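In what follows, chain A forms one complex with chain B and a second complex with chain C.
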Partner chain A sequence: MGRPEPKPAADARLSALPDGTAGWLAEAREAARARARALGLPGRRDEYWRFTNPGPLVAAGAPGIADAAVAGDAEAFAGIDALRLVFRDGVFDAAASDAAALAGVEVVRLADAPRAGWARDLYGRLEAAGHLPVPRPLAAANTALAADGLLIRARTGAARPVMIVYRRSSGSSDGMLHHCVRLDAGARLTLVEAGTGAARLTTVTEVEVGEGAVFHHIRAQGPEEAPVAATHLFARLAARSEFRSFTLTANGRLTRNEAFVEIAGPGALAHLAGAALGDGAFHQDDTVFVRHAAEGCESRQVFKKVLRHGATGVFQGKIHVLPHAQKTDGYQISQALLLDEDAQFLAKPELEIYADDVKCSHGSTAGAIDATSLFYLRARGLPRAEAEALLVLAFLAEAVAEIAEPDLAAAVEALLDDWIGRHRG
Partner chain B sequence: MAALDATRVRDGLDAETVKTVQAMAGKYKHGWQTDIETEFAPKGLNEDIVRLISAKNGEPEWMTEWRLAAFRRWQGMEEPTWAMVDYPAIDYQDQYYYARPKALATKPKSLDEVDPKLLATYARLGIPLKEQMILAGVEGADGAPAAARKVAVDAVFDSVSVGTTFKEELRKAGVIFCAISEAVREHPELVRKYLGSVVPPTDNFFATLNSAVFSDGSFVYVPEGVRCPMELSTYFRINAENTGQFERTLIIADRGSYVSYLEGCTAPKRDTHQLHAAVVEIVALDDAEVKYSTVQNWYPGDEEGRGGIYNFVTKRADCRGARSKVMWTQVETGSAITWKYPSCILRGEESQGEFYSIAIANNAQQADTGTKMVHLGRNTRSRIVSKGISAGRAQNTYRGLVSVHPRATGSRNHTQCDSLLIGNRCGAHTVPYIEVKNNTSRVEHEATTSRIAEDQLFYCRARGMSEEEAVALVVNGFCREVLQALPMEFAMEAQSLVAISLEGSVG
Partner chain C sequence: MLEINDLRVELEDGGKAILKGVDLTVKAGEVHAIMGPNGSGKSTLSYVLAGREGYVVTGGGATLDGDDLLAMEPEARAAAGLFLAFQYPVEIPGVGNMTFLRTALNAQRKARGEPEVSAAEFLRIVRDKARALAIDAEMLKRPVNVGFSGGEKKRNEILQMAVLEPRMCILDETDSGLDVDAMRLVAEGVNRLRDAGRGFLVITHYQRLLDHIRPDIVHIMADGRIVKTGGPGLALEVEQNGYADILAEVA
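On to the complex of A and B.
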């Protein structure tokens, strides 16, 4: 799968790596640089890029966006009480971030990595282990090149969520962020991410969830229409831990969300969910791999897409069960609601199973709004637009239900309402 | 038997049962060979061999050129590696591409003239080459009017067709059923029009190879409005050693016609792998219906994975006409490697494609099989039911494509893929591709993977069944939807094959 000859474009970008970063971080970056060079950049002929053109993600520069500053778009999760950490155009904005500490949680900027020795065992490690069976060259390049990011460690239960807010001022910013999150045994942490953050944003987030620890992740991408983004979530789950991740993608010209979750300890639970809303020039891709490497674990993948006016939704997902991961309960559903005839849904939902005592299933559907349901609502006096909005919300409900925090779920529902209100047929 | 010994035996299984089952493992009842004098083309593959095959078949110039063009293209192609199958590199120069029993050097005028050894071979396989006979195992079954059911057979032995039965009776109905080598000579206008029109010679590595070296196969033409008066069937037998079989089948169902076609295949037990790369093309015009059923029982190799057929097959139907319908049913129990995706191009409006499959992989077998349903016409429909069963150390993959093009409005697909794992050393995989490009169509895919339910086994065993009987019963139930889609002649064979293929897998 690896291509030994680096492609020229990759080489050019990699040569931009700043030298002189000291200690273990420099070593991790050097190793990642070698990985990225060996993998080359993704192309249309790569199996897991057949549905998505990686062009804008691998181009020499970020796409130029005319409206340099964003005005009027309310920040997602504005009303949520959290420790706010702000990045603007891919750079940490200390002035805009909360200064106060959060008990039990340590937050260090990537630039101050020597202060967070624990991150040595995490930075680039999960990414490096996450290239099989699918190479993720953008993630390796990120590990090598990321300019900024946060190292977050939860030692106990965090009283409030940690919220990373991405803001954008420039029309051509090319942000590359790398975060590491570690939850010690028994710790609890909710990580919230909101906003666009750059004209082109590439992120890698590596999450190590300790024994019995609980990690919740709620992310809202958008609502801007022009930016492109590639995100990678790598997670390793210890015994009896819990991992829940929900992503709302509203707008964005091209968004590729990759997740690679390795369930390494018995009795752990991993739920990944996504709701994507696209109207017009919108291409959104969820590429999700869950590897069951331990007995008696549960995983769920719930991905829903609402598409209109030529918008494209992509889902590639796999439940991979290793021979010793008996008693696995794996579930995966990917569904698209095509609101008009131009929209399209491309999916490759996979199962790869080597253990016999398992229960795994997946389903995938694509189609228009159910005419019978629409008729039912209209017959009861609902105008067409409202009836449609109601059915779209009902369609997305299974994904939104994966959010455990009621206030965050309510905030996501408000964002959905808002989007549907602004994008009526 | 090492494969089985190493399989962890679950608690509660009695040791006697396991021993009995182990003793029965690896049974392949068609593993004998016919001792018959065979002439071979020289080993290896080059333009001379392609010309030689063409000359042996007495082909016209255009056919030879067609083959050569394919061969030249093939030389620049790479063997595909995307399937989840793993096998050592094939040396394409270390094979015979043409083998013909000497007795068939001059084509027998009728079956009465055929070497009795060949007839005996087919008799032993249960394939009747005498017109008064009917398929073995059907007589008196379930009160079916067995005597009334006729099946015309084209028997292909290594590289050549031995003979075709019921030709006269079929000719009266206007149906052409003969060896493809004969069709090239007798019906060049039909062959030229349709050969390569569904699977072009450039299609893929194995299809291109086949286009260059195919030696025989069956040709069927059902004229407009004719319902073929009997089932047609081709029986493929590989006998010679180190010989690849490359057959080509072309079925044309003209407007409003109907034909049901059965295909069977077996090969002797050998320690070396043998190559089989076939191409099947089906053309269905307006309102035509073709039912194509396969029981693939090539030698699967032994428990250690020694020997067995490498089966790389391209099968595709072009539902060219409005309201045409093609139904693929396959029971895949044999072959060391299976690489096969019978597909439907749903071009005609309201055309329909169906795919019913049971793929069983035991011991060291690897199967990567599925279908493609390409919806191009409006209001087209497709249905996919795939049942994969893995046992021993086998790997079994369903790989499929459902593609609904922007213009294929109002189309519908339903796909169901179920996998069953027996034992903890095998794998079951599902790799579906779904592409939906309009919103008036509806596409649904569902897949499950599980093991045989303990409560079902317990229920059967509590009623006095042995473990393996219980497994066979549950598995037959698991496969029922597909078995029911088979013509009766095959359903019975398939049902017993399912049981035989799984022998030795309990535990």
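On to the complex of A and C.
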């Protein structure tokens, strides 16, 4: 649990910080700048960076990849009725976005932070409290530096999801976005995120879920192969609230998805799930920390990865139960389906339990497609490739089942089908 | 229809000989039963015919309607009309029973150059056949064989057989693990499929199943060979006297 020694803040990005916006945001950025400088940058020797090389994420600039044709924009959730808010290369694209009008939901661009005084209590606050069990310096730097983002507040039940669409044109764009989401007591909101936002995209999303509120988050990363991304999800859950987050990572050269969820009120539920699909130059890392700080809460972590041709999957997950968090029901599963002998899965599943009346279980497996199942399907007439595709989908089903919205689940299944269809043989 | 000639098979792993020259011909419209003690090679015969990996054919062959069965992929054998009802049906979490069955049916139809069956038509086909096997909508919705009792799994195999309408059906110890009622359901399911164009090979340890599925011809298998062939009376003889007498007689 010990923090590593603060490193000298050598990164040019940090020294080249622009002056913050005026008002509370400037103060929050200033505090984050100090945090980031004290924390330094992640390195290979840090406990939670042993499996993933942070190099491309901390390098002075984005990796430099081919430009993308605007016409090539394909939307993962094209058929879903939602309030669409578009970012291109890390900058809000008002012309491409829907006019922000969704009853019960307030959406303010980060640049207009003074109009959203409520966000003062959120911006940088959950990030600052989320450097457990190890620091997350990329997140602190993001709080200090983020160029754009959205401040979203749901006061009641939102009739439609809010969808953030990420698009990329430039081959060298270095996007840094910071979103805050607050759900007032009893509110409901589904947040959808989709697309490749930049050649390198770093995001922080801070989510405050009020009493009895319901927050669902469905994210589709990819399908571009070359970009790199680091995302951080910080959430704090009040009593009897519900938090469900699902992430599909299809392709991407390097993707690090961190989540820190603090279950602060009794009777709350936190489910985090992920499906990752990688073929070739693919390194995907889920680093998930769920902290039970209240009684009678349930948490689930369900992470599945399908890997081939040298692709690497990483899972680092912890269920941390504080002494007073009795009656905790915690579950964690991380599994990889290795489609050939070149793929690898690195897992670090952890339980840290200080309460004595809890139910917690975890498991982690890596294996190939089951030969008996494959024969059974083929003996019924399914060609090998089709049988394998069906078994890959079946392997991912437990993660996809965490998506509560049938239309979004169907859209994710279509994306999975499409990926599997393109990566056969 | 199904012709097996001097089929010799050994295990890929270790090279142990399992089938030591099996000869068997099943004509369309016939029901053959194969009985035999444990380890005689009955299940291996069914697996080799269906195309399971792990076996090496060292001699002889098998044809279905004249086509070299052993040269075909398992899916091609299925499309050609061969069906194996598994002794241990496989549980496949995450794949719905209906999705599985429809994918299988359409894959076979596609392989034969027939049009695919629409979702609505498929539902109609399955509903009728499922009802006859006392398989309810809930079972159809669940993942393939997951949480099914032994009897439910075997009924599910027969449902697949009824929907896929194979020409040559091999039942590998379909009676194992069945209670009397389940056995009756399974046997009725099989009997409904009996017709002049379809052949059956029923592998079993016991006479009991053959009370319900009346075979035309009974074979006794021992040590990798068919050692005796006879009429239905042969099964009764086994039931009354065990295998020892027969094996002694042919030895």
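Criterion: the second predicted complex is superposed on the first by the 406 of 425 C-alpha atoms of A that agree within 3 Å, B and C clash if a C-alpha of one lies under 4 Å from a C-alpha of the other, contacts with A are read in each partner's own complex, and residues count from 1 in each chain.
Assume a residue touches a chain if its C-beta (ideal position, glycine included) is under 8 Å from a C-beta of that chain, and two chains touch if they have at least 3 such contacts.
Since we're looking at a predicted model, the values are computed, not measured.
In the superposed model, A:Ala371 makes contact with chain C only, not with chain B. Of the two partner chains, chain B is the only one touched by A:Val358; chain C is not. In the superposition on chain A, A:Gly381 contacts chain C only, with no contact to chain B.
Looking at the shared chain after the overlay, A:Leu393 reaches chain C, while chain B stays out of its contact range. Contact with neither chain B nor chain C is seen for A:Ala141 once the two complexes are overlaid on the shared chain. Note: no residue of chain A belongs to the chain B contact set and to the chain C contact set alike, using the contact criterion stated above. Across the interface of their complex, chain B is touched by residues 47, 323, 326, 336, 338-341, 343-368 of chain A.
Within the complex formed with chain A, the chain B residues making contact are 82, 406, 409, 419, 421-451.
Residues 50-53, 73-75, 77-79, 84, 86, 89-90, 92-95, 99-100, 103-105, 107-108, 111, 143, 160, 164 of chain C are the ones touching chain A in the complex.
If you check the complex, the residues on chain A that touch chain C are 371-373, 375-384, 386-387, 390-391, 393-398.
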